Structures are given as structure tokens and as C-alpha cells.
């Protein structure tokens, strides 16, 4: 069966860079199914990419290869890695990109072997010359440990965690890292109180704040037909308190 | 042969939500060919999505499954449906999304059976938990009538129709619902008169208004190298008069 | 093995136009692998599309069909063509689109035969009615010379070339057409001097100018974590001088 390779970058869609990566993959692994997660990550915003992967990766089947390139350190000292977690593979720079989608990695390997690279490797476009060929090699069935020596992941997101907003989606919805919130809990954020965790946008009036358990299974705060991020002046890192009912 | 599933949403491409839907589909129907129509529908603009589908769907082969999620009522009372029309299947909320692409549906069924859902169904992301699994199930060959009981479609676009602009594309071209306009007809819109329906942009000067039969087979009004919507202050619903030559 | 068809347009992703093209291709050549290069080319900016193709096309395998539609002259006199170059095929209007990706075409043929078109051909949407069906026909194995009579390509980009900026990417990086620049060369652009061509963004401070050999193999000028285009007021056509070390 054809492997799936997903792609997540901050390259945008105006240039030919994403196409170049796909060409490299298809040149080496012609039967791969390519799936874009997003290329609209704000430049160098590793946490935004990590959040997109956290929402998407768990929906893919075992064996899926998630290729992600948000890489402010390209050409520098950070290690290109293959991370093994939950039956899937994650390919990209070791900078925290996979911290949310693969919080408990089983193993990680440096991408070092020539068969996992496209020579000569440029100093500015490892997406094309390192990460795409590595993903293709894995899609062809190579084991992760053949990429290079095992490494301990060193990159960290540095994201404030624990009763925090960890993601603002494009609707301005605030995604927190608070799981297990029961219906009826009271939520405090940015000086506002939301009286009870409800179930749907439809349960409040247009323009009103609501809180509910979102699609990630954690507490989310939204404004019906509006932006909670704007209304509350809140963003990634904003503290959230939950009082049980 | 692999089924085709197209996707149309207002989710944008910044987040992992579209990727999550694709992961669910590929997990269940690995050989599907996925095709994005658009994810740049303005939030909750059902008519914009309906117009994109109206342009794209007729170009796809019989058996294609068109999945569309612009769903202000998610978690509320609207019914998730499979619509059968012109040899294709349309999967989404019953809110008018398919009114332009499938004006004469042959049948519609509620999506109710567990095999067409991903449990537990969240209250906020039916794209992932209802519509994607339903599309996958259909792609695997399930008959539409196995999704649930037949329903009469209740959702309406509420779009002004009949000698109207029904769509403004991103170039500012005004797409009307007026078919069968002969060459040389005179067009009145927003206080302006366009002397004769021509054939190509090239037949008028840069910056001038022109009218022609567009790619949908209906009258369109455009400005060469400019925006007719801006020049005329026109938009969806603007009245258009045609005088035969 | 399935053919690859890439797509490059200025249609944007808001409307159903790209979807319509893909539907036409998949209706005729169901096993094709479709790859978007970009649909975010600024309207009618042929050179931007040519640059995206120049970055992406060389990464694709032999036999790939590159379909590109940036076509201010649609419905006018320019010829729809198939260009054969470096083992790949390029399908689009003869207006310079392929000048950078296929600088030395081996042959070119007009798209004239009915089997390469979708009748009736509209006057405004040759992407759907001419270029997509032509690409599908080629993907099915038809030889380029069966599309129509050989033609001499007449379209030109009219891009200033020779020690010039030829492309500004979305990061504001300036891509030049100057190849073979050795490390340590001195670069002059827009009244500024960059002391030595280095290797990575990381070799300069945040906000500083740097010059390096980019992923295309030519000199590029960038600002670490910033936009060289903005800082220098430079753009396509800006002259660049290189002094060898």
C-alpha cells in the first residue's frame, strides 16, 4: 500500500519551494500519497506548526510520515531527525516541532546517511535536500534507525504549559491544554468569567463568550461568530482557571 | 478504481483541521484521491462555498464524492446529509451548500448510522467526526441509502436569484444567473450600460467594463485588468438587466 | 506508473476554478497524481509563475507534465502550446511562462487537435477547456507532437537579465541570476556593500544583510529574520554587482 507523507512548513504557497520538496519525494517514491497539513505557518513560528500537527497527526493511520520544516536554524547546528512515536514517523529539525503531536517519542535518529539526503546539500534549503529525501526513503520502507545514529531530542518549544492557552486558531478560538473539564465548570480568563462549560456554539448568543470541550479533547474558549482572542486580548500563554462545579 | 473525494470548507489553511479530515478519510479509505476545491471560503459564507462547488463539481467524473463543511450550525439541529445528484454524491450539513451544484437532487439521506461516524462525535468538529467518515464510507462503496433515513432537504441559501449577480470571484468578476444571452445584447447594471455582450476580455480597453458569457455558461460582467465589483459597487444580489439586440 | 501533472496558476484558491481544472484532468486521466505548485501567483504576473516553476520543475522526475495558466491574453491571439524540455512537458499559453524552467526547449507544438480540448471551448477559461484536457491527454501517453503543428515560441518574459534580481520570494529574499559566485566575493546592491558571500543565515546577526549561494545555485541576498526587498527597496530587475575576492 502506498505510504502517506504529510507536509507542514512556513514556506507559504506563493513560491516554488513546496513544489520542489514534493518533486523530490515523488522522484524517489512515486507511489506516495502527499497531504498538505499547512504551509501557512507564520515564519519561524515553531509552536504554530506544532499545534497544527497536534490536531492533524492523530487522525492519520499508523505508518504515516509527517514531514515538517519550520527551521530558523537551517544550516546551523540543530540536528535533522526522524522521530518514532505512536506508530508514526516525524521528520524535521530537532527544535520542538513535534513536541505536541509526539509528546512521548519512542526513539529518535539523526538524519545522517547519504541515502537519506540529496547531494549536494544546500545550506539554505534542507526541506528539499535533507527532509524530503529522508521522508521518501522512509516511505520506501527504510527503517528509521537506518537514517543515522540515535539521538536524544534537544529542541524545546518553550511554550508556557499547564492551564494555559496553547493555540489560537484562525477563528480566534482559544485552545487550552486543560483536559477533563466537566460540563458546568466555571472558567476564568483575562478577567472574565464564563459561567458554565457548554456543549456547542449554538448554546450562546451571537457575540457571547462560551467555553466547551473542543475537538482536541481540551477546554476551548470562543465567541459565537466572533474572535475570543480579540475580545479578551488573549493569546498563546494566557492563563486559564477552571473551577469545578 | 480509486474514488475521488473533493473538500470544500471555511477552515482556512493555517490550522490542522483540514489535515485532520484528510487523515480520517485516508485511515478508512486509503486509496481515495483527495482534491481540495477551496478552504478559503469566508467564515460561514455558505453561498460562497456553494458557488465554488457550482463551478467545480460538474467537471468531476460520475461517482465523485463532494465533501463540504461550512457549518455555522455545527452541534445544533441541522441534519448532516448525503445528497445524490447527477451521478455524484454531496456530503455536508443540510444548509443550502449544494443548492447551486446540485439544484435537482434525486435523493437525500441523513447521516445517522454508526459506520458513517467516528465515535465519540465531538460537538464542534463534525467535519472530522461525521462528514469525513461518511465520505470515506461512501468512497469504499457503501450506498448512500445506507447512511440513514431519507430526508427532505430543508436548508436554503436564501440567495436572491433571477437576473442577479450570484457570485463575485476573486478577480472582482460578477457572475450572474442569466443564461442564454446572445452576442450583442445590452446589459444594465448599477446605473451603467454595457453596449454589447462581447466574447473576450481582449475586445475592450484596459480598465473598461465588458460583458460576456462566462465559463459557467451565464452572463458575466468584468473590467479588463480590474475589478467590476469595485468599479460598480456591485455584489451578490445586485440586479442585472439584459436587453436583447 | 501514474503520470504527475503539476499546476501553477494565478486563479487563487477562493473560487472553484482550480477544482474545475482538476476535475477535467481526473475525468480523463483518473490515475494521474496532481501536485499544486502555486495558485497564489499575483494576477497576470507571468514572471512570478515562471520563477515558481524554475524552482520546482527541476525536482520532478522525467515525464512530469507541468500545466501553467497565467494568461492575460486568454481568448486572444497567443498560442496554447506544449513545450518539450529536459525530459518534461510544459503546457500553457505561449507567453514566456516556461522561459526560466525550460530555457532551452527541444520542441514546441500548438494545442490544436480536438482530442486535446474540451468542447465547446469557452473564451474565458482555457485552463479548463484547453490546458487541462491537453495535460490529461499527455498524461495518458499521447506524444507531444500529436497536439498540433510545431511552433516557434514567441512569448517572452521581458525580464531584465544578467546580474539582476530575477525573483523576490515571500520572505523578501532576493534571488539573482548570478551563478558561480565564490565564497568571500563582495556584493553591491542598492548602494549597500555586503562584505563576503557566506554560507548560512546563521552567520550574520538578526536584522543584518547577508549574501549566499541559494537553493537555485545562484547568488541570493537576504536579511536574517527580515526582508531584504524592504530593507533595500529592491525588487525584480534591481542590478547586482559582484567583485571576486
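Each chain carries a letter (A, B and C) given by its place in the written order, and its residues are counted from 1.
Convention: a residue touches a chain if its C-beta (ideal position, glycine included) is under 8 Å from a C-beta of that chain, and two chains touch if they have at least 3 such contacts.
Keep in mind it's a predicted model, so treat the numbers as computed, not measured.
When chain B is laid over chain C using CA atoms, the rotation angle comes to 120 degrees (nearest 5).
Different-residue interface: chain A and chain C share under half of the residue numbers found at their contact. Chain A and chain C have Cα centroids separated by 30 Å. Each of the following residues of chain B touches two or more other chains: 13. By the touch rule above, chain A contacts chain B in their complex via residues 1-2, 4, 6, 13, 33, 35-41, 48, 51-61, 64, 169-171, 199-202, 212-215, 220, 225.
Those residues of chain A that touch chain C in the shared complex are 11-24, 26-27, 30-31, 34, 43-44, 72-76, 122-125, 128-129.
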